[in-house]
Amino acid sequence: MYLDKLFSIEDALKEIKSNHTLMVGGFGLVGSPLSIIEHLTRHDISGLTVISNNVGEAGEGLGILLRQGKIKKAIGSYFTSNRDVAKYYNEGKLEIELLPQGTLSEAIRSGGAGLGGFYTKTAVGTDLARGKETKEINGETYLLQEGLKADVAIIKAWKADRLGNLVYYKTARNFNPNMATAANYVIAEVDEIVDVGELDPDEIATPHLFVDAIVKSELILMKDGVKSIGK
Amino acid sequence: MYLDKLFSIEDALKEIKSNHTLMVGGFGLVGSPLSIIEHLTRHDISGLTVISNNVGEAGEGLGILLRQGKIKKAIGSYFTSNRDVAKYYNEGKLEIELLPQGTLSEAIRSGGAGLGGFYTKTAVGTDLARGKETKEINGETYLLQEGLKADVAIIKAWKADRLGNLVYYKTARNFNPNMATAANYVIAEVDEIVDVGELDPDEIATPHLFVDAIVKSELILMKDGVKSIGK
Amino acid sequence: MGNKRELIAKRAADELEPYSFVNLGIGIPTLVANYIDDGLYTLHTENGLLGVTSVEEKDIDPLIVNAGKLPVGEALGASYFSSADSFAMIRGGHIDVAILGALQIDSRGRIANWAIPGKDIIGVGGAMDLLEGAKKIIITTNHVANDGRPKLVDECTFPITSERVAETIITDLAVFKWQGDNYELVELMGDSTIEEVQANTTAFYTISNELLQEGKV
Amino acid sequence: MGNKRELIAKRAADELEPYSFVNLGIGIPTLVANYIDDGLYTLHTENGLLGVTSVEEKDIDPLIVNAGKLPVGEALGASYFSSADSFAMIRGGHIDVAILGALQIDSRGRIANWAIPGKDIIGVGGAMDLLEGAKKIIITTNHVANDGRPKLVDECTFPITSERVAETIITDLAVFKWQGDNYELVELMGDSTIEEVQANTTAFYTISNELLQEGKV
């Protein structure tokens, strides 16, 4: 009687189009939707703006999309570990918007919460405050950060029920619940799908109204690297 | 080896002083720290600014503190159901700051998150926008709401471990987790205290760093009203 | 009287798209729940529950209430969240429809439903957030106030709740839809007549071609 | 070299008040964990865990990592949360101490620890938020850079991380405390001498009366 949101990765990916703004969950590879990203590398899509803490690693995860020339702009907090990012940036092939990590995650939350933006003290007086409006509030200087939104978010969760309620696993949670709120279309890659009613209503981290499609993981992060778990 | 945060209500109340700003959790009586409020009625404290969705009901909960003349100002979203509020306000005995409910809870979250404030479209063009700064962001008008903070928050949770980690029960959650983040001293009234390690780390709604004192409920809301459960 | 309210609620239920997320206000909107299929719609209450159902007296849990502080039940697949998270859902555009009551509706599509000057109503609750954030607004109300005065007026004399236009108005006499610049009368309720609507409405509105062609004017 | 780093970490651990909430940065700060008692301090990592412990190789869970993306363990009473919630804790003043590394520290108490002009470091991570939000900042660093140049300089030539002053600086040579207007040299580390400190520091600082009285100058 309910809308079944379980899709194949390929079917869900039809929502991602060239020139889209894409939010991608994960802190490095931890909590990153590795299977969806892997499928994306096989698609002829370009001009993406990617909002993600990192751009994967060099030649790994989102790093592959970068090498394929699919990413036009990256908005995130830490690109140092993927050396390609600096290379592409220096060659003028990639635009970068660097935000403090807390400003990044708060901007995503803010976009999802229908706010125009917020005032933070973080980065005031630094190079990352360039071009940002500032304001005195109760004698202290804050800078304005506008909310971020995306066309599509691809996120990773641990378990979903078929309605799309999600729970996360340990530090694989990170940006995922925030991104789930801030995109027009949300695809959640999950390791396990359970019956509706199995997740405790007090423990659901992402209520199903935020989620448009659930897909099953094909790749997972193990102690010794990323492994395929078949379909 | 850890700091035991379990206090008697009377001991925890020593942190509340005249002229304090006090956050009080609950939506009506649901999820309200009824036992702490009851003890507060016996203390000689005045000039309180209370941040709470309602001011209890006439002669119930916070409504008693109002009748005792302890409340100088109320910041909340819905005072209609306690008729005393309008009476005290009309007689000039009570200041009122009325905020839309979403602006109220977001302002509390914002205060707890160290933000100066946020831009919301809610209330733009209405009487509740009076005196508020507005700003155009991406062609739309938003108004600025500053964050709210308190000296002390008194909240209600379902279970706590002795470190102060909290989980909430159903719609008794409401403002409580937000208020837990926004006060200098946080007292959580709980129905059940469990051993450290019993609460699943992925399901803790309020991590213990937010909580200063845990007290045990003496009054709880039953189907047929508020009942004493003894000590 | 009860019958009229039920009629309005039933008509409002017909407006809902399957699988939508719906917030019901206090009063007539609450009755809409009686006319929708639990599996097809998900009800949200802004105090922090997605997946509201009705509850039988014997199953009442005093800690599960809706925004009107009335006991409700928990649907299969329901979830609970904080007030800040709940209003993030609302303002963020994640609620498809809010069905609300109104004291006045004016020619510009604006609603007044939170305060009456001179009356001791000091409360706004979630009304402004819902009017701002829900993708679609349906107003359900008696066509005239208790004192017989029109509720659809040229300009609200009560404080407005939002500058945002309410897309659909359903009263015991008629259904109006906002057409970009003004309301259009698109339907007569029960056996009401255009004359009745005209006599009890001071707001500007147009009449749909369909109604004109049906010769109801 | 390792010994110097351990010495700095051990000294930083002595600065911590029992029961405090501590965030450890990458590098020397991470080593501080080896010198504190799990039960007395609670470690926070900004990617979303309160209650970090060390983990043995056999118990590694690849989905439990710290901000340096290194495997960590989960303490009794730990909790996980989203990035937005984690930085709300930080900015909201709920973290008592952040122990961080630095590229430069200047006479005004400002830290540079996120970027080197001309080098391909395009990342800031949580450094600015921690410097802004933590109640107290302890900087642990080698006294001079790898090329032998002073790290404590009159004015940062690298981009600063915050305008906020770092209260305590612990190097392999000395400990400095901010005194409202400037740093004061309060302690010599190991067998270092005032002369060594002077030769390797271009930042302005005063010397504590205690050290002066001890005749170390």
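In order of appearance the chains are A, B, C and D, and numbering begins at 1 in each one.
In this section, a contact is a pair of C-beta atoms (placed from the backbone, for glycine too) under 8 Å apart; a residue touches a chain by one contact, two chains touch by 3 or more.
Quick caveat: nothing in here was measured; it's all calculated off a predicted structure.
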item	value
Both-way neighbours, i.e. chains that touch chain C and touch chain B	A
Centre-of-Cα separation between chain D and chain B, whole angstrom	35
Averaged-CA centre spacing for the pair chain B and chain A, given as whole angstrom	33
Distance between the centres, which are taken as Cα means, of chain D and chain A, whole angstrom	30
Interface hub residues of chain D, defined as touching at least two other chains	74, 80-81, 87-88, 90-91, 132-133
Junction residues of chain B, two or more chains touched	106, 109, 113-115, 120-121, 168-170, 173, 201-202
Chains touching one another, given as label pairs in label order	A-B, A-C, A-D, B-C, B-D
Sites on chain D touched by chain B in the complex	19, 21, 37, 39-40, 42, 44, 50-51, 74, 76-81, 87-95, 132-133
Contact set on chain B toward chain D in their complex	1-3, 109, 111-115, 161, 163, 165, 181-182, 196-197, 201-202, 204, 207-210
Partner chain A, residues of chain D touching it in the complex	45-49, 60-65, 69, 74, 80-84, 86-88, 90-91, 115, 120-129, 132-133, 159-163
Residues on chain A engaged by chain B in the complex (per definition of touch)	106, 110, 113-121, 135, 137-138, 140, 142, 146, 167-170, 173, 200-203
Footprint of chain D on chain A - complex, ascending	27-28, 30-31, 53, 77-81, 83, 85-87, 89-90, 96, 98-106, 108-109, 120-128, 168-178, 205, 221-223
